[in-house]
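Can you keep this structure in mind? I'll have questions shortly.
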């Protein structure tokens, strides 16, 4: 027989102003199974909690109901209090009299009656509560970091420096990401590669970091602390142990005209290549799609010239299985393909380029060695027009969101251009200048005031060629909305930052959610910005939303800290709200008949099979079995089981049934 | 005679609709008292038998609500639930159990106002439909009550 | 399938040749266009600026009539009429309460499922697939396809990714043998209604369009909107006074171009009705 | 049916199986299930149009399992049930021999369960038109009238559970109706109990029922309970496209499509 204590909270006046708490306590006291009931001003206060503890001991309570605010607010508080008084915390439940009653109804008889109904309903449930014990799961103290851009690099280094093992997986032949493509960075104009490459080298040399480049996540199974990741190491066609990175193969490779990804198509590379001189690891890979040998079966020049015999044409993709305890997703972003904007002439006119291409033009390591020369004829442009928001803040053709980095990099581009071409003229068409950030606004002002960059507030409607010039038609909304036409030598489109093309697929592999634009979703927009909804998987950098370098690095360190916190314990405690397959006396052993439809319904692959054997070891029955480590407690299997052989602790059939009965029977 | 006050049970998931109803509270949006919430971990957990039992015990209406498609905390519990509801609703309809008395909805943790609206429109709709006497007669609880 | 036809006022007045050439082309292709009996004004620009209810009711009545006559598709050649009818259909579909209101006013019900086609959509669907057999004397000159504003807008209804740089007419003209030039004024404003109130604006705006077409070597400008035609053709003297030069490039409807390519006479294509003489015998 | 008898006898003689589940003569003009354990027993096997009982129901019965590996005489409805049982992990290729009987009463031997699926692919379950008409007519009734109709139809039910016993897919070792903690279904055979029982039965068969009508054939009161499962079969096909037993497709209710369409969730 239950001895339940019911504690009605006034919540100051939040509840008592509309609910007659004294009557609720009175009514609760009369319910079957209720041993004690009272009301109190603040149940969550120290004296309030002490009252509960005292009554548990004094009355020998077997269950506690705190009728106060939402359990999402204070359930842990009261469960802890019960626990300290010797009552199993899962014998305590909260009735939501504040959010679900007093705050949403006016003071009236009906409101008090509803409060009584809510308490009675929960008494019905708590009668059938059972003591539960938290589940301990071990933690594998190795982190998987996916993506070797600045976010992945930062996370890896932080986790490794905290003393934990890291496996960093990068899909390209080198780590470095977009940051390695940038020329100078705003707002300080320090050289991007100068600050990045030391970090890249540190990653490569760190004893706690294992670097897998040219590799991608194939599969992720398991759960927090206990993931099993399968990584596909794409065949590099190189024996990395033998290769010394001397580069002879690259100089001799006959296929030299492949557009370089690193140089955004503005430069060329060979079929056997390292993406850029400072690449980490600085060992080449063979691009199978363009290699003559893979295409026609003839060539093998690289094999002939390699002094160490490191070329392996027969190398195949390799699948590596890793046990990891946490995952940091740092897969970055991409820039929108501007061919959608045919009115801007991208693809039609060689001198209409993207911002990322401009970075390569301005970079000392770029195809023009840092001189701003236009792609069509290599001339130095006298007039450049920059188009901000090419695809951003454009619900009709592009993306409705702001890409956040374009205002700053466009100002930077114009500034770099002015610094390199003193007599040049740069014009920026913009919607708004968004320069919130430390020293950002000052940076933009400097571009305007010191470098004479002309800002025109308005959009560009069309870019077309006439007499060898690019005519940019736009509007200046600040000059009585006069149409403007500028004859430019080059046009730079600040194309929107978008999610990587494989983002959706990757999210599905990891069972994390993503938004309408395929950016990965954080668990909470404010309070859990680096967590995902899947415990143990964290986000860093622009895979979550467009962001600049300092923000990316902060988030990456945040994610690393979360991983370090997770790894600071040997075991994790998990809520014991999990499903269980029943057991009964022989000859049934279990009422489960082993149809395993629960297993197909389970979102976590948490249901496997168990063979019940007799003493001789003969199999008598094949039934379903829930792995409590994998089960997340959704209960979908419970509602699905026809013979009611699976039940879920904390929301059991008896509890829920009794709750419904109690609600409807006053 | 007072106006008929329907008894409505709401079966909601913990992560979206329960949290959404919390937001209705913190936003102080008012709604009718007739609806009482029972919290489930997920819409996937909501057993059709419990809905049936509710009518048997005198509920005039039922709300079933959870996370929008693709928002499920457990990734797919709501998708399973949706299939189950499609089949269950079809069966009830075939049997002449008034499907207008069960309001299904997706209410996210951010949709406090929507929750109030779902409650109010359901209460209005059930009030118009009147007490579920058809089922009550079968369930026999009216006699039960009369005997008490 | 029954294809309906809503001419609107322009096609019975200032752009009769548009009407004639469309019907001539349809006839050659063996397609019957059934004019809605008792059609009324689409509301034009005036209605949706003055009375929103009226601006929906007027096109809605035409749609309801088309439904009564069991038309599956409705061809609306005038770009402005098309815009009003499509917007109305969109609004009726999106807002059931407005639909109920309008149905009440009209005392007619609407299924609202008729497929409304502008002239380009009609041509693409019913004529283009058969052009190979129908073209008898391919066109041999360079043309500038001019779309204007309404054929490709509003984007949320038309859902055309290339509304700033459309290609449909260009592709049709290529099929007729002509070379559609790449030019930047495809969707620039012609001046539209200023044709009546401030003619000098039309002179400037349409002037720039005409000049660009001529300078890039076009021998004709191809249009699909009565208003555009009106401004580029009939307002030629104003254009010439703005440009300070004589320009004799003709402006033809896409349907006229097809009619000519099909080997129909100038009379059948209605090219004799233009202000700027259509003299397109110049070969490339 | 010489062929069938010979095949059955040889299976027993060679000890490939230990029991043959088939049809034999019953009382009056009826047929019943017989369980042959010797070649001689097999002489009593018959097959004709009166053999409508779904023998697949015996495959999951403990008593039959004890007899050893079975061979089963399987006309179309039994084949469908066998396939569904296989999909639900109740039988495997090794656990039985299927003696298929075609609609033309010819013996078909199946190499594997997969072969049954291939065979059934051309014989999709189809709701007969007369039932479609009846279902349509019932659904056209006003809701109260419809409810009254069913309450009346179900009134004669006295919960003998013959429908359950006859159904090859009701193989649970403890039916929820026998679960009294909590008491999901009102025990008594009053209107509410009957209604709850039949709703639960139909829901448990949603997406699984192969439309063999065994439940109806077994019902001593002749209640047209198959209308419920037939109506649900229609719902499955209308809402989710495919239906019918399959080894490789997940069950309708234990799977989903993110794009499932409905019109009633706001």
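Labels A, B, C and D are assigned to the chains in the order they are written; within every chain, residues are numbered from 1.
Here is the rule we go by: a residue touches a chain if its C-beta (ideal position, glycine included) is under 8 Å from a C-beta of that chain, and two chains touch if they have at least 3 such contacts.
Just so we're clear, the structure is a prediction, and the values are computed from it rather than from any experiment.
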{"item": "Chain closest to the middle [Cα centroid of all protein chains]", "value": "A"}
{"item": "Chain pair with more C-beta contacts, A-B versus A-D", "value": "A-B"}
{"item": "Distance between the centres, which are taken as Cα means, of chain C and chain B, whole angstrom", "value": "53"}
{"item": "Rounded Å distance, chain A centre to chain D centre (Cα mean)", "value": "48"}
{"item": "Mean-CA-position distance for chain D and chain C (Å)", "value": "64"}
{"item": "Gap in Å, rounded to a whole number, between the CA centres of chain B and chain A", "value": "34"}
{"item": "Sequence positions of chain A contacting 2 or more other chains", "value": "601, 640, 653, 657"}
{"item": "Sequence positions of chain D contacting 2 or more other chains", "value": "176, 184, 253-255"}
{"item": "Chain contact topology (line, ring, star, complete or other)", "value": "other"}
{"item": "Touching chain combinations (by label order)", "value": "A-B, A-C, A-D, B-D"}
{"item": "Residues of chain A that touch chain B when the two form their complex", "value": "70-72, 96, 98-101, 103-106, 108, 110-111, 113-114, 117-118, 121, 511, 513, 533, 577, 601, 603-604, 632-636, 638-640, 648, 650-651, 653, 656-657, 659-661, 663-665"}
{"item": "Complex interface listing, chain B residues touching chain A", "value": "5, 7, 9, 18-19, 21-26, 28-31, 33, 36-42, 44-48, 50, 53-54, 57-59, 70-71, 73-77, 80-81, 84, 116"}
{"item": "Chain A residues touching chain D - in the complex, by the definition given at the top", "value": "584, 588, 591, 593-598, 600-601, 622, 640, 642-645, 653-654, 657-658"}
{"item": "Chain C - residues contacting chain A, complex", "value": "155-156, 161-165, 182-184"}
{"item": "Chain D residues within the chain B interface of the complex", "value": "135, 138-139, 141, 143-151, 176, 184, 186, 190-192, 195-196, 199-200, 202-203, 206-207, 227-228, 231-232, 235-236, 239-240, 252-258, 260, 262, 264-266"}
